[in-house]
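Please find the structures below.
Below, chain A partners chain B and then partners chain C, in two separate complexes.
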Partner chain A sequence: MVTLAIAKQTLEDMLRRKILLILLIVAVAMIALGPSVGFLSPRESSAVLRSLGLAVILLAGLLITVLTGIQVIPTEIERRTVYTVLSKPVQRYEFVLGKFLGGLFTVFVMIASMGIVFIGVLRYQEGRFATEMIQGVMMTFFQMTLLGALAIFFSTFATPVVNFFLSFGLFIVGNMSAVTESLLNNKNVATRLIAGAVHYAIPNFGNFNIQNKLIHPQVVIKDMNVFIMQNIAYALIYSAVLLLLAIIVFDRREV
Partner chain B sequence: MAAAVSIQGLTKTYLDVWSKTEIRAVDNLTLEVEEGEIFGFLGRNGAGKTTTIKMLLGLIFPTLGTATVLGKPIGDTDAKAQVSYLPEEAYFYEGMTGWDTMDFYARLFRIPEPKRSERIRQCLKDVFLDESAWRRPIRGYSKGMRQRIGIAQALINDPKLLFLDEPTSGLDPIAHAELREIIVNVGRQGKTVFLSSHQLPDVELTCSRVAIIHRGKLLTSGKTQELTAGDKVEITFSGGDAALAEKVKAVAGTCEAKNGTCRVPAVDPQKVNDIVDLIRGAKASVVSVVPHRRTLEEVFVDTVMKAGAN
Partner chain C sequence: MTASTRRNLIAAIVVLFALTVVLQVRIDPTVADMNQGRKTPFAGLSTEFILGPLLGMQQAVAGLLWVRADEFFHEGDYDAILPMVRIVTWLDPHNLDVYITGAWHLAYNFTDSSERSDRRYIPAAQKLLEEGDANNPGVYDIAFELGWQNTDKIKDYVRAHYWYKKCAEERKGMDERGELTQPVPMFVWHQLAHSLARLGRIDECIAVWRKALAMSTEIVRKDPKDYSKRNVRDSERHNLELTLKRKFSRYQHEIDWELDGKLTKGIDPITGEPRPRDSYLFLNQDEIQRKLEQFKIVGETPPPMAVGQPRPPAVVPKWETAFDVRPTFTADKVLELKGRFNVGDGARVTIRLHDEDWRPPQLKEFTFDIDQNVTLMQDQHSVRQGTWGRKIDMSKDPKMYSFKSPYYFLVFEFDPRGTSPFVHDRFGWSGEGMTDKKYLWEEKEKDPPNRILRKVYRISRAQVLRRTPITEADVFPTAKYVELQTQAQGTRSE
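And then the complex of A and B:
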């Protein structure tokens, strides 16, 4: 109950920020209007919409997740609202979890809003529900869950600016998970070691990018459902570990 | 009676990054606050008041020493359920309304509905926050209104022990007086109040016991009455001639004659009988024998100046 109260407060606080509203409006406008620009055949227009929609959702989701994740805890400390909260019968782990969940709800609301518009426009364009696109949006959400947990972890000891670059940097490196995976079989031992370290220590954000596979159906995945479930499990377990670390650090932190 | 707060050798040091020296924000502080008293924790700016309170609430951690709050170690959740805190400046989520702020804090105390709404209403009324402001965002509140809602949130759990960090500083005289009244009321309900302040007239009016800290160190503590009770007595008498005045002056050191009345401002208690005997022996009449009271401000200035000289 305490955790949820903190999450609710965090969500409401974030949703009052104009920057998120602006982001949402821009993203939705791009998704809704993108395909109608230029002279495109219905087929082309649908292909544009598919890649544009997922890309916009990813980009907006990325900004929202990082902006939220790096600031929910530091803002409390900077504005000293944390004094009143932590002097109440609130455990520090409840505070960290509440802040994380509040940020996650924010990201969920934003991605879900964009996703609904995207799927709706696509339904209008193609005359059917594109299930695989729903899966794509869902994967973006879990990818952001993992990124959010990473930003929350860094936020327990790094300043928001440092955290911004750390989170973004690791997101980019983690997106090359296919590359690091292929390097695991490299002949050079040093390359293998470095690739291994990077591959296993940094979250494999790349695994969630099923967009390409959806947009180019020739890439075969044996079982899409299994693949998705694996990725969700990966995101949840890795996030749990990051949150645990965040709690351990925050428990010792003076506010 | 049980101690509401018991502090043993509490110390907090900070490392000054520039000069590489150690700052002792709180230095080997030992202190007891009894249940049910309004306790004044006095000190100049930077004396270590806030640091002490933050340690007692588990927001920062002591370098040395221990403390118990309501008989439990620092940070104990059961104890925290019966404690509340008004930070030095009341900090709020600016976009939230007064009511929602109270609702949020009530949830942190796990107060269920419908009791939650009842408590919120009661507390907002107790601090005289205008009802038209309840549903407005705190962003638009005046300093006085913020302080009221700050106190209201500190009352929401009907606490046994309140930590109020300089609650009256920066308020206009009316808001100031009202807030002091609220604090006295809280004390009448049998709650323990740990009041950090340097508004000495307030403290003198409200606190039954005080401690003075300076540069992190405890200088003195005791009942307000006893601290302000001077060790001197003032005697006035009328009648008597210049010879009497001279005799009294010889014993007491001074004797100011004016319009046929003589005033002996600061007499050692042991000499009172001698002087009274002198007066009566000369057939003059004693008008008054009054123990000298010092204001808390005088006590504070004296104590701190003496410590500063060392």
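And then the complex of A and C:
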């Protein structure tokens, strides 16, 4: 209950942030303007609209998640409100979890809003509800869940600026999973070891990029549902690892 | 937090982390499947586009690049499109339209100042399509485009048939969600039948028309109110009847098309015989006389012919085409041709000039970099009242016609397989009714064999630059030319 109360307070606090609302408005506007690329052939137009829509949701989701993740704990410390909270019967782990969940709810509200607009635009453009796009929006949300957990973990010991670059940098490296995976078969042992370490140790954000299947439905992916479930499990388990680490670090931190 | 709690948490972290590694190992093969054909996320991209792929937005960047490429197309800046096609297909190897449109640009839109295609790009166009087809197994669109390009541009009906067959028998069409659940459109089967006709495999062609008609009949039975489907069925019925009638007229007994349009419209779909039988019988002595004159021209002995008896087929007797041409370079790199050809108006002669050592290249992988030193010109000209000829000015396009080789082959060809039905009506699908005292060449390696007309000159650079005239002493033996052309040709992807 304490965790949920902190999460609720964090969500309310975040939704009041103008920067996040501006990001949401810009993203929604970009999605809504998608049909203006309609001068291509119907199939090309549909592919471009879908790819741009998913990309806008991903980009906006990324910025919202990072901006939320790097702020939720340091802001409390900076404002010294953390003392008030922790002086109450609140465990430190509850505080960390509450902050994470609050940030996650914020990201959920934002991504869901963009997703609804996106599917609405596709309904207008293609004349049908592209329900398969829910998969794409959902995968973006779980990708951001993992990124949010990473940002929360870094926020327990790093300043917001350092955290921003760390989270962003690891997101980029994690997106290159196709490259690291291909290097696992490299002839050079050292390259293989480094690629293996990067591939398995760093959160693999590239796993969640299923846009290609959604943009080109003719692409046949064996056991798509299993693949999605594996990724959701990966996001949740890796987030749990990061949150446990965050709890350990925050527990030892002097505030 | 107590030390034991911390130890427990660390143990939990280790276990959970191991789980993520196990999951990652299971996820990797599917990710590799999805990335089939895709290069590194940022391959070939300029700096302003790199960030997108790095953030996992390859498709969006590919989409934006393709929108930009479309703008270049409308501006006529075709050169700028090629690198973008390459990058877009790297970023998004499942975008079918990029392969198809890119290959169309390569094969059709690079031209000289007289709108002749730069055929040096055709192998690249084919390779791009083959790459697209390999990256999108199961989809019919690119295989169909390969068939069409081989039919329309390259006139390689063997390869056209290969791709149409693959397309019709092994591929699927998309439903409204874009998933591969539908049979291929009927026009794929139609093109397969046409490609068989182009190969002279008429019985197989008829079998495909019958199959297509049976499929369409079933489709119409399920949805009788859809007039577009009924139109498709009716066109198949028409094409089947027409092919049966043509086969009958060309190879069994010539039909008198002028007798009575209404009478000769009927045909028995089983036997392939026209109804009524009158349409292929000699009805009077004048008709016999006309046929006798044809035999006289070629010096053949006619079979017994009488009123009331069936006419010999259209390809009997063989028709002397008296094919010939006199080429002259009237100015530097300006070729003027004067030819004769005893065939109906509209038949087209192919003119090809290429480096002596040029062979159709077999690309191992797609590249739009072509050898600028190669000279390869191909054109066609129609016959009018037994003559043909034109002026081909290659002096204005030095990038296409560099003339760096010391020797060239100048080839004039007529291939009945690529010609119109009215010529087939006289010569048959494979030139069975065609003969020529000088330039007939039988392509015996083909099944069925094909009879074409070909005259080849071997000319020097000095002749191209009008320093010495072209004479009949420069005529090169067709057999030797064919031997040279088939040398050093690799095998294609099939």
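Worth pointing out:
The working rule: the second predicted complex is superposed on the first by the 241 of 255 C-alpha atoms of A that agree within 3 Å, B and C clash if a C-alpha of one lies under 4 Å from a C-alpha of the other, contacts with A are read in each partner's own complex, and residues count from 1 in each chain.
Assume a residue touches a chain if its C-beta (ideal position, glycine included) is under 8 Å from a C-beta of that chain, and two chains touch if they have at least 3 such contacts.
For clarity, every value in this text was computed on a predicted model and none was experimentally measured.
Overlaying the two complexes via chain A leaves chain B and chain C side by side, clear of any clash. In the superposition on chain A, contact is made by A:5 with chain B only, not with chain C.
Shared-chain residue A:88: touches chain B; no touch with chain C. Looking at the shared chain after the overlay, A:32 reaches neither chain B nor chain C. Contacts of A:109 after superposition on the shared chain: neither chain B nor chain C is touched. After the chain A superposition, the centres of chain B and chain C are separated by 170° when viewed from the C-alpha centre of chain A, nearest 10.
For chain A, the partner with contacts to more residues, out of chain B and chain C, is C. In the overlay built on the shared chain, the residue A:77 is in contact with neither chain B nor chain C.
Contacts of A:244 after superposition: chain C is touched, whereas chain B is not reached. Fitting both structures onto chain A leaves chain B and chain C with a minimum C-alpha separation of 10 Å.
In the superposition on chain A, the residues of chain A touched by chain B in one structure and by chain C in the other are 252. Contacts from chain A toward chain B in the complex involve residues 1-2, 5-6, 9, 12-13, 16, 79-91, 252, 254-255. Residues of chain B touching chain A in their complex: 54, 57-61, 77-78, 80-81, 83-85, 87, 89, 91-93, 95-96, 104-105, 107-110, 153, 157, 163. The residues of chain C lying in touch with chain A in their complex are 1, 6, 9-10, 12-13, 16-17, 19-21, 23-24, 26-28, 30-35, 38, 40-41, 52, 54-60, 62-64, 66-67, 70, 92, 94-97, 136, 138-139, 174, 176-180. In the complex of the two chains, the chain A residues touching chain C come out as 37, 39-41, 43-44, 47-48, 50-52, 54-56, 58-59, 62, 92-93, 128, 132, 143, 171-172, 175-179, 181, 199-200, 204-213, 215-223, 227, 230-231, 233-234, 237-238, 240-241, 244-245, 247-248, 251-252.
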